[in-house]
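Please find the structures below.
Both of the next two complexes hold subunit A, though its partner changes from subunit B to subunit C.
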Partner chain A sequence: MNRKVLLVGLGISLPLLVLLGFGFRHDPQIVESPLVGKPAPNFRLADLDGNIVDLAELRGRPVIVNFWATYCVPCWAEHPLLLEGSRRWQGEIHFLGVIFQDDPDLIAQFTAEYGRWGPSLIDEGGRVAIAYGVYGPPETFFIGRDGVIVDKAIGAVAPEQLLSVANRMLAQSAAATG
Partner chain B sequence: MTSALGQGFVLLGLIAAGFGAAFGYIAGVKRSAAGLRLTRRLALLFAVAMVGASAVMWYALLNHDFSVSYVAQVGSLATPLHITIFSLWSSLEGSILFWGLILGLYIAAAATFQRRGHEDYLAYTLATLLGIGAFFTFLIASVADPFAPTPPPVPVDGPGPNPLLQNHLLMAIHPPMLYLGYVGMSVPFAMAVAALLRGQLGATWLRPMRRWLLVPTSFLTAGIMLGGWWSYEVLGWGGYWAWDPVENASFLPWLTGIAALHSGIVQQRRGTLKAWTVILIMITFLLTILGTFLTRSGVVNSVHSFTQSPIGPVFLGFLGLCAAAVVVLLALRIDTLVSEPSNERLVSREGAFLLNNLLFVSLMFTVLVGTLYPIVAESLRGVKVSVGEPYFNRMAVPLFAGLLLLMGVGPALPWGGSDPKLVRRALVRPLPAAAVGLVVALLFGARSAPVLIVSAFAGFALWVTADQGLRPVRARPRRQGGRGPLAAVLVAPDRLGAYVVHLGVLITFVAVAVSSTFQREAESTLRAGDTLRLAGYEMTFRGAERVQEPHLIRHQAEVEVSTNGRSRGVLYPSLNIYPNQREPIGTPAVRTSAGHDLYLTLMNVGSDGSIGLRAITTPLVAWIWIGVVIMVLGTALCLIPTAAERRATTPRAVPDLAASPAGGGQ
Partner chain C sequence: MRRATALPGLLALLAALALAAPGSAQEPDMTPRVALPPAEGEYRPGLGVETSHELGDPLGRPLSGDELDRAVAEVAADIRCPKCQALSIADSGAASAQAMRAEARSLLSQGYTREQVVGYFEQRYGEFVLLEPRARGLNLIVWAAPAGIVLVGGLLVVLRLRQRRRSGDEGLDTYLRQVEQETTT
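Our next item is the complex of A and B:
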């Protein structure tokens, strides 16, 4: 038995293995948002038909707020997913779109052609986008029954994220959180 | 039905590998010819099972059999046929199955081609290979089962493979090349294990080992190059190498593999460095497993990573097991591999080889540390960091420059290096070539010290490479009475091959140095009719159109390129939108010439029809790929048997005598 080889070998490989084992604790892709876990900033906005939507009135049911625009390519990419989601959780989860620096006419054209998964709200002056700290479309905020932001997606929402967060929000009991 | 058939083949493979590993080991201990025969049959059976399982998967993919979970995951009715074929390795489970297939083919090849001339070791070699095969079939049968039946209801269509993989034909060949490289490293590893178990290391070990190491190293070279090329042609950032963790993962075993090839030469010529060669081969194999783990476990962030999956911990376990086995085996048996006594001088051919090994291993550690540092930082301090190009470039460039210098100095030095006068002459003669390299670089406007140093070293190395490589061609005809240069080369094709490889390395090296130093770029928002100017090019935006294809929507810009008012053709950079993808994927348009590339990327398409266009000119990019092609051709030359080997192809019953005389020291 060559002890030198044994010691050097173990000295290099053991710490490496322990280190790699530690690597499992974190998903390197997750970047946390300071808004997650905080109450969602309230808004009262009109949609394309002039109907007023008040976020506070929707409390008790989860809400998905998506900031989007027709010029934004990932927004198109996630469009079918949101359509499917809004159909799947109809009456269970509210889907709200907030127009991010775009022409409401173009938005109307787009939804007429490709389908509509929720009201598209006109954010005059981008005040709501600023309140939510939106950097660029699309960004999606998942708001629980209690009005607290549960999760956030930057870029097009991934199907897995939509599914898991929606299920998590639906599982929250409205009574427990008041 | 299809699921069951596929799972059946995998199970068959697992059984064949498990029993084969056990029988092979016993046959090795008992030196039983019958046991070896049985092991060889089981090895072939394993290969058949892997071919069968892959065939079933291809059948399911081509028939859009969405009842097979992997097909439901990556298949799509709209995906073109050729992409469907490649989607076997486009996602995690399929890639592991593909891995099994390649391992099966390698094992079959080893069992067939090493039947003669490697008898002493073959039982242990096959046992080790089948042990690795057993692990992979276990993975396929359990945590990464691509044949698992899709839970009902079975979908009528699937999402299709990852768009990045659909975007370019290179994706069809880059992963298989890398896998052929990665998996192929199992064979020299198995041979190294066999040598340790046998406690000897003679000519019938070294020759086959070098060949089996050369093949995967060459595939790895090609695979890494194709990955860089793909990144350049598809990802749209204008570069080809970003020190991304997964790129590094393929680079690590390549470095140690090449180090082992060189130390094997010293072993062949001088009978020294035996234990060192074995250690290098073992590290190479462990690094391939580490690389696979990094890619597939999701512990590092990379464009390549597969999603997080239960395969990670299992792979880590396997890595731990292999590392432990290697360390213990080395500790127990390394003293049996005795090198011939030597009192070498540093300024000699073997001294240069030793330094070369030192540099390769340092490079490997440098890259390894940079790759793993983010995990260290996160584990210890809880902060996210990424180690970027500055670290790698600062650390790696001097080491590479050292290797370049050695590539010139090493082959010029005589073996043994006994006569100082000879040594001095060998080192002085190429100096004018170094000066020429320096002057050429100055003429082309290079002023930075690294580029000038690289140019001088490259000139030196080029002279030595040409001188050494052409030596047999120049010498033979005179001595052997009119024998043509081809015949002269065929006496020792590996010698010429080695220098052809060096030539390819030199070309790639210079091209990398120049292309990374003299890149120029411009970026602008253009409306139809607007012109962007860069390095003598005028790029006029003619208009953009939206093209609907079955599996994607493409925004394509028409850009007319001209120089000095003369049209040079039209380029079409595009942005592709795949329904299953979060971000649009750009496809750059590249105009390649011998001197430089013009590279156009579409950054975005505005609602008013304007585009964001980025143009990059990079000199000598094409020569990077050409250099690698030359390296691969050189390797092919090395694989042609030498005249001595061809004479010796008739089987000899000579046992592999312990090639080292008694009383040798390390």
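Our next item is the complex of A and C:
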């Protein structure tokens, strides 16, 4: 009888433990993007100065698209890293910011004070954010020279990820052009 | 005494933290001033995102009026708000939910079907955006588990009852035998 109870108990609890163990290995906040490995949705947006940026026209060079806002604390945290990256790969990688549900005036104020790593694009109606499946800022998409999304960062982009993905995209570029 | 010596250190630490913070010198107003999505037809022409090549041709007819409102409500009830916990975009007032409802309205008014619109959101956000997961692959566990648990539970209850009845009968038999023995001797 006791053995039976033990077996039934194990039969019920073991699969649950396996399921929990599997679940605890993943951050529930991180949802894998189905867009990685697929062509980046093309967009055409105006920056704070009214200049139009067309993603399709940037093809041939890697692009880093970062969705951000001034009310988002991790966006502040990653700002110096993106500044450093934009300086380091100037002329090699395009850095584009897409404003995520924020007031363009606040963005202008922020970039005037803390520096600008790329144009901040106004996403009217948040349609570009929807096309990229953005859950919340910051999210960063790494787009290869062929226009395909190579990787995505959720939350403040880590220096290691920025470095490794940028190098990978540049190596792709070199291989394709060389 | 100890507190007095620790205080300057603490103040210095706080000052260093304040200086290290990116917004310490002159913090911008942190109150989110969220620009609401423009109403239908207010998008600046030529700007935005290309969705047509991903959605293909509209497979339905353009909707308007009450029919459009109903279709938007149906789609919105099935889509999870990305900024909320287990709320549909129909039930959420978040700016993301408003933007997604506006996008659904725009697509339905262009003649895209309900399935195309839901499929578009799923393509962008992944299956997580569907409030009701599709009954396929590992998701089948979610669909089968409740029925399975009820079945196994019911089976256990039946077995237990049978066992109890049997052991109860055995107990009575033993008792009767004992009474018989005692009365005959």
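As a convention for this text, the second predicted complex is superposed on the first by the 140 of 178 C-alpha atoms of A that agree within 3 Å, B and C clash if a C-alpha of one lies under 4 Å from a C-alpha of the other, contacts with A are read in each partner's own complex, and residues count from 1 in each chain.
We adopt the following convention: contacts are C-beta pairs under 8 Å (C-beta built on N, C-alpha and C of every residue); 3 or more make two chains touch, one makes a residue touch a chain.
The structure presented is a predicted model; accordingly, all values stated were derived computationally and were not measured.
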| item | value |
| --- | --- |
| Which superposed partner A:N167 touches (first subunit B, second subunit C, both, neither) | neither |
| Touched partner set for A:S13, first subunit B, second subunit C, both or neither | first |
| Which superposed partner A:T70 touches (first subunit B, second subunit C, both, neither) | both |
| Which of subunit B and subunit C A:P80 touches, first, second, both or neither | both |
| Contacts of A:G21 with subunit B and subunit C, given as first, second, both or neither | first |
| First (subunit B), second (subunit C), both or neither touched by A:F43 | second |
| Subunit B versus subunit C as contact partner of A:V5, first or second or both or neither | first |
| Subunit B versus subunit C as contact partner of A:L106, first or second or both or neither | both |
| Partner chain(s) touched by A:G155 [first = subunit B, second = subunit C, both, neither] | first |
| Subunit B and subunit C contact sites that coincide on subunit A, given as residue numbers | 70-71, 76-77, 80, 102-103, 106 |
| Residue ranges of subunit B in contact with subunit A within the complex | 286, 290, 293, 297-301, 308, 312-313, 316, 319-320, 323-324, 326-328, 330-332, 334-335, 372, 374-376, 378-379, 384, 553, 555, 575, 577-579, 581-584, 604-607 |
| Contact footprint of subunit C on subunit A as seen in their complex | 8, 31-35, 41-46, 52, 69-71, 76-77, 79-80, 101-104, 106, 109-110, 113-114, 124-136 |
| Residue ranges of subunit A touching subunit B (in the complex, touch as defined) | 1-3, 5-6, 9-10, 13, 16-17, 19-29, 70-71, 73-74, 76-78, 80, 102-103, 106, 155-158 |
| Touching residues on subunit C, where the partner in the complex is subunit A | 22-23, 25-26, 28-35, 37-38, 43-44, 46-51, 54, 82-83, 95-96, 99-100, 102-103, 121-126, 128-129, 156 |
